[in-house]
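Down below is the structure, laid out as structure tokens.
Naming follows writing order (A, B and C), and every chain is counted from residue 1.
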Amino acid sequence: MTDATTENAPFAFVRKEALAQETPPLSVAGPIAWIRTNLFSGPVNSILTLLCVYIVVTTVPEMIRFYFIDAVWSGTNRDACLADKIGRPVGACWAYIADRFQYFIYGSYPVPQRWRVNIVFAMFALGVLWLLWERAPLKKVGLFFFFVILPIGAYVLLLGGPNAEGFLRWLIGLTLVLMVIYLVLSFVPALARFWIGPAFLAVEEAQPPWKRFYRPKRLILLSLVVFGLIAILADKIGLPRVDTGLWGGMTVTFLIAAVGIVFSLPLGVILALGRRSKLPIIQLLSVIFIEFVRGVPLITVLFMANTMLPLFVPQEYSPDRLLRPLVGVALFAAAYMAEVIRGGLQAMPKGQYEGAMSLGLGYWQMMRLIILPQALRIVIPGIVNTFIGLFKDTTLVTIVGIFDFLRTIEATLVDPTWATPTTRATGYAFAAMFYFLCCWGMSRYSISVEKRMAAGQKR
Amino acid sequence: MSTIPTETVQPGKASLLYDPKIRGYVYQLALLAVVGFLLYSAASNAITNLRAQKIASGFGFWHNAAGFDVNQKLIPFSASGSTYGEAFYVGLLNTLLVASIGIVLSTFLGFFVGVARLSSNWVLSKLAMIYVEVIRNLPLLLQLFFWYNAVLKPLPNPRQSIELPAGALLNNRGLYLPDPQLGPGGSVIIWTFLIGIVASIIFRVWARKQQEATGKQYPVGWIALGLIVVLPFFVYLVTGRPISFVYPEIAGFNLRGGIQIFPEFVALLLGLTTYTAGFIAEVVRAGILAVSKGQTEAANALGLRAGPTLKLVVIPQAMRVIIPPLTSNYLNLTKNSSLAVAIGYPDLVQVFTGTVLNQTGQAVEVVAITMAVYLTISLVTSFFMNIYNKRMALVER
Amino acid sequence: MKKAVTSALVLASLALGAGVAQAQTGLLPQIKARGVVTCGTSPGLAGFAMPDAQGNYTGIDVDLCRALAAAIFNDPQKVKFVPLSSKDRFTALQAGEVDLLSRTTTWTLSRDTSLGLNFAGINYFDGQGFMVRKKLGIDSALKLAGASVCVAQGTTTELNLADFFRANKMKYEVVAFSSGDETIKAYESGRCDAFTTDSSGLYAERLKLQVPTDHIVLPEIISKEPLGPVVRHGDDNWLDVVKWTHNAMLNAEELGITKANVDEMLKSENPEIRRFVGTEGKFGEPMGLSNDWAYRIVKLVGNYGEVFEKNVGAGSPLKIARGQNALWTKGGLQYAPPIR
């Protein structure tokens, strides 16, 4: 504040007395003002608003009427959903969904064996929660569970039969041998010298025996428990073989998505590293693979897997009909995953590489311990988005004759048992709900991770 | 125990073993050997298997008679005289047709929705948001089934066609438009129209230059409208209305006359357009948000209204962010058009990888050709988009 | 060296249990070692191959596979059915994924030669026809000029359709779909005026429509569609086994041997019947089967007439008349060489 006053100022005219207060403008607060500024701020806006309101008013009540008020909720065949049979206008025929629900989940998987699918679903849910819930403990064990134990367990449980059971027993044997080796190592760590190097050995030796080699022992124990439980199930109840031709519905949809993520992530990492490699041949091969796969539609990859894969292997190893699209989807997703991960690698500041190298770490140690953990963390949203794309793309296996969820819906639409005028709208609405919930949930998750990381960066 | 036997390590050997260069060569050679072996064995297996199965190989089938029909064809094709090679071109043209129209439409819709999402109009932005969320979170195949089976198939049969303005008819066999027939002197109108387009382009270039030199703006849009629409219409009236229309009418099972647009095409176009527009909308939104708020405020301070601010200040800057992901969305649309096979639109995959593959049994050749086509389209598109992108990027100072 | 190939794939296919063949020559020993016949069938065509809710297949094509299992293993259940779309069937057979294809497959020259297949016989004489809505008021396929026709792609049907309209100088609009279900769905929704496939298939697909009686099958048969089991080139013994399994079912009907009376027939004096049931001569051994192979087929599955009536004839919802599929002795075309 200066001392100069208006009195002494060299102005010709300065207002001396205050103006009378104006009444507050009516429209800066309150609902009406809000409507005016947000909905009717100009002629164009007003027209758009009216148009939008018209669209909402004409569609939403109609949809509510169709899907809820006029809907039929129970019944055993199409008579329940025919307007002239029940004497009122009929909306969605949810009774049809209820009637076929089991089929949508399991496809033609034999009814007495469906508990096996349920166990796999439960394991899958556990693995997903473990990895996605950020406060879950033992993340590394979770990774091992999701990427190693779950695929093996799912394979044995879903397929069953002597081959799978033999494989399981062989695995349990292997796990036991590993366990014994690590127990021996715990008491005589010196045996591991050439394996893990003197520095790490010193760390292990400093601990009491039961804590030595704690991490590998932990993983082996978990595998042993899970595989052992499955083996007990196989012995007590029996796991007869269920051919892949009978698998269907959401089971197959989730299976393809899971196989896609489990295989495409490691493959994507390798491809991304290859593309960033300084070795020209490795780089070239990675680029060719990635660009080739990204340049063609998934359908052609599936066609190729379906018709050409059997030609590329000796006849007696001709791959299973379900395995073919799985290979196709995994390779396809890997190329997209590689590009996402490459983004993460590129975003790493150079100092991280230099720091790691100055510590004397080799290439693989540097990647495994320093770069990848950070790079993968920052691309989690990108990975989830790729995965959403993958999940939507699982529907394409329909075209090569696999009974995924969408195909089971399509299959029931030609079934005369439930042929009514509204069956189709109901079936598609149900499918849309399923896919929307899955994809939307994942995208919400990815956004929340993004926000959390942004918050971490802000400080 | 802790002593390391140093004398066994020879420095020369160790450096050779740990020389990153040499290691690099070894790794690469090993990888090359593995990949080469895989390719070789896959090829030799394929040859053995094909020989064992007595499947013909080579591209000899290309000139064999096709013997089947296709409903939508841009070039003459008939079961009697056409070859598998011609079937390939029919499919390819159909793919390109749906992709190019889809790209144009989805760009318009996508930009509209993207801008609408950022609009100050609450209802509009919420509707746009719902649209984007729903479209992006549902599989395209499901959306195609929806458009084809739930929207187009319940249309009435040809005898109860819905009558649209200007003599167009809509039924479950498709959309029938009046077919314009040029009478004598009608070609003048076409020429006027073409000249109008060329003149508009020239005028636009000139107006640009003038604006950059003098700052004076010309109403390019109105003048172009006059040249392209009003002038040919005027010529049409002057020459005595030489264009007549053949209107579709019921004859036998279907409609006769007019231009028929097949429901499969419409469903695919609708599905691809709405789906891709959802993604383009997000690209546009991100692009606009990437333009700093100061730019809008500066434009407002200069007295520009919302429309010109968007058109002259924000979008030109946002385009630089928008173009690269926009390209990949165009490519995705083209690749996604292969889903046509699910709803019976005769695109490349349906005609060639479907029917031709089945009639010839030559999976390797057919799938390889199909993949090569999509790969070429991808590479060519990204080539042109890169050029455009470079031009846009140069604007940055 | 080639065996070492694409090891990941091999491992994976082992994992999912693709049949890994033993190092024996010929398919029959392999099948015996494996304990099951893999049979490619239709994914769902009433009367020919149709799975019920439990995944058990029934149909005339299915019974041929069961007859094979009966002849080889004395157990008609030892069959693994692989549902194949019309697009996939040949690649599946060629790739060795199935031992035989019993899937309403038309015997044509090009399939027999350039696709590397052998047809083991004709278990159903069929021909392509049209189905239309009754209310169109059409009684002949020759009145279909200008119609839209729905057809499944990748079949001889698609080619026959083009030939028929071309030969009769009629215009039409073809609407082709990649699966049979899509095709019938499109026809039912009114996208097409007519639906075409083999006439047996027309009857079967008609059952899938909401009101089957609203649709009629037109009388014209526009093609010869001899349907039969198919095997790969290069294994004559297996071809013989399939061929004679089919012939045995025909011979049984001709000789009057049925599921019910086959045990009495063991005591028959008729030399033809004695040869058939294996009480005289050694006719199974040269094929690598037991000598009572034909007896097992009839005992466990039935003769051709029984199978026909049960699946597509009077005993089924399809109610197709024997027609051309009657025995030659009754004015039909089914004729089997004798067992001797």
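The rule we apply is simple: contacts are C-beta pairs under 8 Å (C-beta built on N, C-alpha and C of every residue); 3 or more make two chains touch, one makes a residue touch a chain.
These numbers come from a predicted model, not from an experiment.
Chemist: What chain lies farthest away from chain A once each centre is taken as the mean of the Cα atoms?
Modeler: Here the answer is chain C, farthest from chain A.
Chemist: More C-beta contacts across A-C or across B-C?
Modeler: If we tally the C-beta pairs in contact for A-C and B-C, the bigger total goes to B-C.
Chemist: In whole angstrom, what separates the CA-based centres of chain A and chain B?
Modeler: Chain centroid spacing, chain A to chain B, equals 28 Å.
Chemist: Averaging over Cα atoms per chain, report the distance between chain B and chain C in Å.
Modeler: 43
Chemist: On chain B, where are the residues touching two or more other chains?
Modeler: As it turns out, chain B has residues touching two or more other chains at 42, 45, 48-49, 52, 149, 341-342, 357, 363.
Chemist: Pull out every residue in chain A that's touching 2 or more other chains.
Modeler: Residues 307, 310-315, 399, 410, 413 of chain A touch two or more partner chains.
Chemist: Name the residues of chain C that each touch 2 or more other chains.
Modeler: 2, 5-6, 87, 91, 95, 178, 182, 185
Chemist: Give the list of chain A residues in touch with chain C in this complex.
Modeler: Contacts found on chain A: 108, 110-111, 155, 159, 161, 163-164, 167, 241, 243-246, 306-307, 309-323, 327, 399-401, 410-411, 413-416, 419.
Chemist: List the residues on chain B that touch chain A in their complex, please.
Modeler: Counting only chain B, the residues touching chain A are 1-2, 24, 27-28, 31-32, 35, 42, 45-46, 48-50, 52, 119-124, 127, 133-134, 136-142, 145-146, 149-150, 331, 335-336, 338-339, 341-342, 349, 353, 357, 363-364, 367, 370-371, 374-375, 378-379.
Chemist: So in the complex, which bits of chain B are touching chain C?
Modeler: So the residues of chain B touching chain C come out as 38, 41-42, 44-45, 48-49, 52-56, 67-71, 78-80, 149, 153-154, 157, 172-173, 251-254, 256, 263-264, 341-344, 346, 350, 354-355, 357-359, 361, 363.
Chemist: In the complex of these two chains, what residues of chain C are touching chain B?
Modeler: Listed in rising order, the residues are 1-2, 4-6, 86-87, 90-91, 94-95, 113-116, 136, 144-148, 153-155, 158-159, 161-163, 165-166, 172-178, 182, 185-186, 189-191, 193, 232-234.
Chemist: Okay, in this complex, where on chain A does chain B touch?
Modeler: 37-39, 41, 45, 48-49, 52-53, 55-56, 190, 198, 278-282, 285, 292, 294-300, 303-304, 307-308, 310-315, 388, 392-396, 398-399, 406, 410, 413, 424-425, 428, 431-432, 435-436, 439-440, 443
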